[in-house]
Amino acid sequence: MRADTLAAVEAPTPLPVPGDEYLGTVLVNAAVNARYKHLVVSAPEAARKIRPGQFFNLLCPPLPDEAVFLRRPMSVYQMHPNGGTVEFLYHVTGAGTRALALLAPGDTLDMLGPLGLGFSLDPAWRRIVVLARGVGLATLAPLAQLAQASGVAITAVLSARSKLDLMSQSVFADAGAEVLTVTDEEGTSAVPQVERLLLDLIRAGRADAFFTCGSNRLLKLLQTLGRAHGIGGQVAIEQQMACGLGMCFCCVRQIERNGTVANLRVCRDGPVFGLHEALSW
Amino acid sequence: MRADTLAAVEAPTPLPVPGDEYLGTVLVNAAVNARYKHLVVSAPEAARKIRPGQFFNLLCPPLPDEAVFLRRPMSVYQMHPNGGTVEFLYHVTGAGTRALALLAPGDTLDMLGPLGLGFSLDPAWRRIVVLARGVGLATLAPLAQLAQASGVAITAVLSARSKLDLMSQSVFADAGAEVLTVTDEEGTSAVPQVERLLLDLIRAGRADAFFTCGSNRLLKLLQTLGRAHGIGGQVAIEQQMACGLGMCFCCVRQIERNGTVANLRVCRDGPVFGLHEALSW
Amino acid sequence: MVDLGVRIGSLALRNPIMPGSGTFSEELARVVDLNRLGAYVTKSVTPGFRDGNPTPRVAETPSGMLNSIGLPSKGIDHFLAKTVPFYARYAAPLVVSVSADSPEDFAMMAERVSVPGVAAIEINISCPNIEEGGHAVAMEADATYDVVSRMRVRTDWPLWAKLTPNTGSATASARAAEAAGADAVVVANTILAMAIDLETLAPKLGTGTGGLSGPAVKPVILRMVWQCAQAVRIPIIGSGGIMNATDVVEYLAAGASAVQVGTATFLYPKAMVRIVDGLAAWCTERKIARVTDLIGRALPSAAPARRAREA
Amino acid sequence: MVDLGVRIGSLALRNPIMPGSGTFSEELARVVDLNRLGAYVTKSVTPGFRDGNPTPRVAETPSGMLNSIGLPSKGIDHFLAKTVPFYARYAAPLVVSVSADSPEDFAMMAERVSVPGVAAIEINISCPNIEEGGHAVAMEADATYDVVSRMRVRTDWPLWAKLTPNTGSATASARAAEAAGADAVVVANTILAMAIDLETLAPKLGTGTGGLSGPAVKPVILRMVWQCAQAVRIPIIGSGGIMNATDVVEYLAAGASAVQVGTATFLYPKAMVRIVDGLAAWCTERKIARVTDLIGRALPSAAPARRAREA
């Protein structure tokens, strides 16, 4: 199958519900391991609107002697439309996430969203493979909920530096996914190994579509395998943002759609794009 | 007596102890009335150094959506060299004091000080009059401790908008001062009334020296009365500051000393100046 | 009721708040009621298609942000077909920002956008992200005069010249724009600036340098407005670091007749509407009947009146 | 042990950290060990006594401050008698900043301060707070050349020309200073700016406008350093908004050989010493042996090497 044909099938469908500015209340903000934190916010109105793969643009609280000026985009990690809560899983890297890490239960969080176009499952996809590494998990986790609701079978390949860094196996397992883990520590996460693992899944007929996020290396691998075996899918892309609403054109990535390459906005035209649309960077 | 003769007598003596940057711990930060707050900080090393009339340059904590960049100067309101605490009394006016108002017990306060030249009592002054209005009280209160320790009798004339705004009567009363109060509300605080009251004190031999702070109107009144009756004294002056240490020359006021008018630094050459040295502004 | 109305030449605005070019688009209609704004200003449109600059296009700085978008544009044809009709359903006047590579193309653009539905033309001769080294037409008075006067002969629509802060002679460019027939000056575009990534030790932006906006620039642009208000008679539209209603009051007092809000909308999509409400509340509290009473109050020429009021 | 030493022409500094003129004085010796600094830079001294500007002289802005001190000075005689001897007891070289009202007086000052105990002369042709409208010599390349070349013939001491950001042609002034014989350029003085008081609607500073410093200006001055480093061969000393060691790393990468710290010292009197320690720690962590290895790493000329390292 040619890449643009794949693209036509896999392009995510536009979501009509616009984001808004909500003031959530922090319920939990706990360390998952040395570098990741898990944030649970009560924001009932926002929670009702979310589609899997969408994100919020979060206003970070001030740090004692460091300025955090722009909002920071964060995928919804778990959504509870009825419970009224939204969950985030984040990696503490720079000033923004260090500031988020200071939030305590009871604090108010200014969250703009839900934003962007999320994942959508083509009815032809009955068995999908999710390949996630590091914080990419946060973005891909809602797929588990979506797939379960649609009766789609998931194989989740989770990659991390070490066993300790592996998170959220249960999110996928609870949704009935088969979970395979690979780590740098065990020497099982290099591209050739993962490729072999994916080939096995293809051969076993468990890969109607691929889903991934974040890592350029893994995206390239899936694109190559997908092209060779006629498998489409979706990828969630990251880019530095300012507005999150589509106004500023800060957040573009090169996307090949309808035969031409265009700078599309990750916040408004994505963050989910067709697996073969996204030019690796 | 001529103004420059008075000035020679009343000039405050240089203090040798340099300020430093201390991290205090907030013990209390409570509202005194609708507009004033009382801040008690534990900072034992700093507390031991303070002379009455000195101030600290305080680093204000960040506000949620307002920047507080420079430090804010605050007089020491009460000092407890042995107890290890320093107290401030402040008027919530702009961003800096609004930020200070957010401090909670247990919070850390970065305080640079003690700074400046404080009050000094000429041995010839056995009975002094302190005229304080509004937040000027904070600056003048340590005089009560100083005078008591030196066996000097104080009459404190405290002025405020309303009875509710009158603060710290007890600080002076506890130090054995006679306390007279005047308020706008009762119509007793206008210049002519206060002038009559002061004339009574002069006639009663209770005004060897005048002390005041802040209000230009009251300073002028004391200078006029002082000139007429040969009475000196001291005034604590305010001016916007940056460094607080004497480096930037932001904080100058015109001071007449040794026959010439010079721009002196409030932070380093003051904040206490001779009553007749200070040119009203 | 406070009268928030202001005039920019022949154009009456219901209030002095409008978006800055490039910080606003049709998407905002999903979050705020566009009818509440004083005017709409479009992203700068160019004659043909432009892809914009390489990424990263944004970086954060103390109290501000850097951008290097580089004027991506679908070109004037698409703009006239899609963007102009979109705003027809909203109440406020539409200001079209135009950019081009040559004085002749600027003149052609003036003619092209002089169509019903367009209320005024803003001339972006000040973008620091398209020419080599951050150079822009508005850095020189002569070049400013050239572009504005060529556009002037091609259109009767109001022309607003958007100036640059990246010059030692902003007032000279303002005077040149006025002499060439501009109806207003917009003061100003972003300040040429940069940031360096500590991991790679390379510039953070794909293009090296970019334009600084946000609260950090407010004191600089406010000074430019104050200087220009003493140099020209045409109205001034202030733009730089406005986050709330009191920032607008500062700009009006410095001599601006209206303002443009940019970066604030990225942080708070409803910022402009909140500012409109905040400005009305501020005036009400101080018993100021008309927002125009604030214009120019901080200028040296207003000092005697100010002192009289205070006395 | 990281080697923090840098050279500014013939002058060897133990580390690249020194105070900015006017943000440092003898008083700081009471709070920090001056021997830890790379150099001392005095408040600008003028030929005769100057009272400075009316108050208020300071105002706060987002991530920055405005000052309008106006170069108060006790004059050159007092300076030579009191200030120069004071620094004799400390280890680092003393840089004397001079200012004057005319090129001839600048030349005279060059001669007067060329005395033992003075290691270099900084030429303040960029103060925005003394001439009408914030004008300064360094805004024009010609005037810069004139002042520097007249000083050059009167002294053998190293001359550092302090440039202004209030121009569209900083590189032209840098080149003029170099051509006139300057040994280094200091980039840069403060940005002309203002703030308005909301109670009085008058400018907050007594003089109307003032100079902006602090983190808000860092992206702008960093850009100027980066541009100047591509325009001249003499060393550049960066100055603007440095609060911590990583800000210094950015300036070095942009092409500065040393930096001056100003506003940070007002907030944290020990800032400079903390920055020296922080810079050593940063280099150690990244196994950078000499701080000079960082100089110019963000320049376009370093891009191929950078890409090779990353690959």
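Which chain is which? They are A, B, C and D, in the order written, and residues in each are numbered from 1.
In this section, contacts are C-beta pairs under 8 Å (C-beta built on N, C-alpha and C of every residue); 3 or more make two chains touch, one makes a residue touch a chain.
Remember, it's a predicted structure, so these values are computed and weren't measured experimentally.
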Partner chains shared by chain B and chain C (touch criterion as defined above): A, D
Chain located farthest away, centre of chain C as origin (C-alpha): B
Distance between chain centroids, defined by C-alpha means - chain A, chain B (Å): 59
Cα-centroid distance, chain B relative to chain D, in whole angstrom: 37
Whole-Å gap between the CA centroids of chain C and chain D: 33
Sites on chain C at which at least two other chains make contact: 61-64, 214-215
Per-residue multi-chain contacts in chain B, two or more chains: 67
Residue ranges of chain C touching chain D (in the complex, touch as defined): 61-64, 66, 133-134, 139-140, 164, 166-169, 191-196, 198, 200-203, 208-209, 212, 214-220, 222-223, 226-227, 241, 246, 249-250, 253-254, 294, 297-298, 300, 303, 306, 310
Touch list for chain B against partner chain D, complex: 18-21, 59, 67-71, 95, 112, 239-253, 263, 268
Chain C residues within the chain A interface of the complex: 22-25, 27-28, 30-31, 43, 51-52, 55-65, 67, 69, 72, 214, 263, 265-270
Residue ranges of chain A touching chain B (in the complex, touch as defined): 61-64
